[in-house]
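Some structures to go through are shown next.
Below, chain A partners chain B and then partners chain C, in two separate complexes.
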Partner chain A sequence: MFKKCLKYDLKAFAKIWLIAAAVMLVLSVVCSIGLGSFINATASMAVIEGQGSEPDSLQIMSLVARMCIGMLCYIVLIYSLVIFLGGTSIMVLIRYYTKFFTDQGYLTFTLPVRRSTQFWSKAIAGFVYTAASGVVALISILMAIGSVIIALVMTPNAAESFPIEELTSIFTPVNGVCGVIALLLAILLIAAIVFASMMMNYLVITLAATMFRKLKILSVIVSYYVVNNIIAVPIIYVGTYGLMFALMFLAMGLETMFAVPVLAWLCIYALLLLGIVAAVTVGIILANFTVLRLERKLNLA
Partner chain B sequence: MEIKMKNIKKISALLLCLMLVFGSVLPVCAADQTEEKPTWALSEDQSTLSYGATVYQRVEIPSGVWFRPYSLYTFNRNMDTPFDEYTEVAHPIADQSAEQPAPLTDVAFLYGSVSAEGLYAVYATDSGKSIINDFNAGKYAQYELGSHYSSSVLDPQTVTRWRNTEPNVTIFAEQLSDAAYHYVLGYDATLSLAKPIGVIFAYSDQYLYVQGEQCLDIDGYLSLRPGTMTVHLLDEADAAQVKAAISDMEYHDYVDVGEQSEPLDPTISMIVFLLIASPVMFLLPALLLALGIVMRCLKQIPGKKRWNTVIILSSVWLIGSGITALLLIIPTFFL
Partner chain C sequence: MNQPILVCEKLCKSYKRNVPVLDELDFVVEPGRIVGLLGPNGCGKSTLLKLISGLLTPNSGTITICGEPRSEQSNAVISFLPERPYFSSAMTVNAMMDYFEDFYTDFDRSLCEVMLKDLAIDPKARMRTLSKGTKEKVQLVLVMARRAKLYLLDEPIGGVDPAAREYILKTIIGNYNPEASVIITTHLIADVEGVLDDFAFVDAGKIAMCGNADEVREQNGKSLDELFREVFRCSRNA
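Let's turn to the complex of A and B:
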């Protein structure tokens, strides 16, 4: 039954998301070309000035036009990334709220499916779409960086003035196989943290929607705002400073351990795995409390 | 009574053995601590700088010298000196990419900051004095074109030719007041001391070399005196070389590759890290484990089995933290 629920939850949002993702990718391609043109124009201008010669008026007009278009493309790319990622998160949460706490919720709860099953199918579907949005955003960013590198490589004499090697190092494996494994674990850690934060949002929505009978939407929005901006910010602030100090001492210790690289990498893997387990544990606890609250909700029309 | 005496003898023998074992082991542990590392010391009259057995004598350098090291290994940031300001002792290193301290060289610098004005004194061993003497005598190891912030290397034969060739053009100094210019710097063999020996001006699409005596002040900065100057007009080949040098100029990034302060013991680093991380590594999973167990056992809570996952994950988290802590600390004792 879980698989069917999951299938329908994924299908329900698929059309909108796929269209949005396609638009995002097309925009990325267009904006990357514009950005590359901007970088090429900037680099050409720098090279001409470095050679001590004066560009003619036609060259200047062309360079300025390309710079303006490039800047516009950069702004469009940034805003579209924000809208796409933010929009996906909001759509996932809206879908969760409408399926459980509006008139649709009455029908949802009449289905012969356990509430925990319904919750997990929506949670996992939401996580899948969030993760997929992250992948699309990453592809867009890499396309933009790639276009910048191609533009610099294609500009004669630009390599002397611009850090092309440092940019291309983004695409090379980090420290061989060990670095790649660490990178994959880091990606899993990010995914686990996203999972935990999504469970936190679901819990907040569930508590607000079940505790406040009137003005549900307002109470949900206010609770979401309070938790994410007021409660979470000091925790993140303290956590960030603590993390910075901790990482500083960890780096000092690991620096010596890299005399035996296998040992240092094992420590890094252990810490990353620990982080993944921690985030997943917290996420599951928050999910359990959410399910508990859902199970206690009376299905009244 | 006899049994008691035997036991007392056994215990005394055991204690004596343990004392002998620890007595032989403890000095081994203390051995590293007795070895003292040398420190920099300045004599009261500031004429001698010593580092352990190595003694540096102060050498005079002419005025107008810029302190422009490419790389330094810096010792003793907190050196107590007669100067009122904060001073450091440093020596240049041969390999700018070196991450480990290079062996002591024959020249050391006492300076307050990495700038021309910050150089207080130069000290050299007996063999280092020849490097400074050559520099003082105008025998430069390298020539560069640039300023305080950026420079690029010039061909030494070309610069020597400029210095030795008679000027062939007479010009009013006022004509060059708005012209772009770059200093021609002569470096010592340590690539730390630079003396402006002349200036290249860009004037009317051509380049002019002016000897330092005509256009530099006592501190080595440009100071055009009113009146005429005789300058050397560079030919096409030299002009192309200057143009290439100008386009190749790189900003001077001083590479400070070391400090006297000992790096923190890795064991202590790891212990501090674990202390800071302990609430998240140990306290939190313990609390969550307790929460999972309580929720599992509470009769009013439906769906007890879902808390099994929490119990298992919290246990894995706790055990994993313990293993990670051991993995972080134990190897540091052997490295």
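Let's turn to the complex of A and C:
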């Protein structure tokens, strides 16, 4: 039954999400070209000024036009990323609310499927779409940075005025095997934080929808604000983000503190793993509360 | 003797503290019966069906389905028709049939297709393009195309035209498994009276009167519709 539930939960978003992701990627390509053109123009101008010659009016007009287009592309890219990522999260939460707590819940909860199965199917489908959106956003950002690097590389003598080496280092492999392991663990930590945050959102919706019979959407918003401040801030954000920042500082200092670099890496791994375990544990506890509430207090009047 | 399909014992439900909708209600349904659950607005008919189907959690009391305490697995033998449409408006009728086929092993797709054809409903149509009455017909057809043991029909004929009403009642009688039971709630007592084996009048969260429909008609020399008007007029004046 879990496979069937997951199939429908994944299918529900597939069409709209694929269209949104395709639009996002096309926008990223267009914006990256615009950004590249802007950087190329700025770099060319800096090179001309560096050589001590004055740019002519045509060059200034071209620069202003490319700057405007570049800025527009930058703004469009940032807003579309926010809308795409935020839209995915909202879509996932709306589906959860609609399938469980509106008239559609009459069908959902009269299926011969356990409520925990229904919940985890929606949670996993939501997580898959959130993670996939994160990957699409990362590709878009890398495309934009890539276009900036290409524009700088194509401009003669630009390396003297712009930090091309620092930018290209983003695309170089991380510090050997130890670095790759740390990077993978860091990605897992981010995924675990996203998971815990999603579970908190589901709990908030479930609490509000099962406690209040009227003004459910308003009560969801109020409950979100309350629970977010009570649970999310101290546990999820301070706990896991704090851990990440601590890691960064430790990563900088440990290699110099320890005579053996392996020990430094082991400390980093241990801290990253601790963060992952903490976030996943919080997520599972919140999920269990939600399932318990669905099993014991469901009232679809 | 066969065990009852449904047993509700001392069932209590209230939405607000100290305002019971169901008050220690006892209700038993034997196999192979069509039972009319009748009562005025707000007497607790729909609440009872929602408790049986698991959409509401009782404050106290027990519900037993086919000898087992109610659980998610009971939904495999219960076919519930709520009073409001529960499908996503983006789904087509065909997609709904796929959904039922996937989740209910007792769903008879060919029977469903025949009934849709009889009611001239296009399986390719999306829910949002259908009228309110047609949506109700689609939902009823899907619910009745299951080979369930207990059918819970909440106002199945309330929103459809008289011609379709007749077809729906014929469908209810003709398609359910003879070992199964049907519970119908409705205000249109005169319309459903002919198909009922048993009846239960619900008033203020309790069963005010119940029994065999034919016997009660014979004893009182009145139709259920007339008896309903009399009982509830009396209970209001008391």
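A few remarks follow.
We take it that the second predicted complex is superposed on the first by the 263 of 301 C-alpha atoms of A that agree within 3 Å, B and C clash if a C-alpha of one lies under 4 Å from a C-alpha of the other, contacts with A are read in each partner's own complex, and residues count from 1 in each chain.
The rule we apply is simple: a residue touches a chain if its C-beta (ideal position, glycine included) is under 8 Å from a C-beta of that chain, and two chains touch if they have at least 3 such contacts.
Note that the coordinates shown come from a computational prediction; the quantities given were computed from them, not determined experimentally.
When the two structures are aligned on the shared chain, A:18 is found in touch with neither chain B nor chain C. By the touch criterion defined above, A:284 lies against chain B but remains apart from chain C after alignment on the C-alpha atoms of chain A.
Residue contacts after overlaying the shared chain place A:274 against chain B, while chain C stays out of touching range. Touched residues of chain A, counted separately for chain B and chain C, are more numerous for B. Shared-chain residue A:297: touches chain C; no touch with chain B. In the superposition on chain A, A:138 makes contact with neither chain B nor chain C.
When the shared chain is aligned, chain B comes close enough to touch A:263, but chain C does not. Shared-chain residue A:106: touches chain C; no touch with chain B. Listed in rising order, the residues of chain A touching chain B in the complex are 50-52, 116, 160, 242, 245-246, 249-250, 252-253, 255-257, 259-260, 263, 266-267, 270-271, 273-274, 277-278, 280-282, 284-285, 288, 291-292, 295.
Within the complex formed with chain A, the residues of chain B that make contact are 243, 247-248, 263-264, 266-267, 269-270, 272-273, 276-277, 280-281, 284-285, 288, 291-292, 295, 301-303, 306-307, 309-310, 313-314, 316-317, 320-321, 323-324, 327-328, 331-332, 335.
Taken in their complex, chain A has these residues touching chain C: 1, 4, 8, 98, 103-107, 109-115, 213, 296-301. Listed in rising order, the residues of chain C touching chain A in the complex are 15, 47, 50, 53-57, 72-76, 78, 80, 82, 84-88, 99, 102-104.
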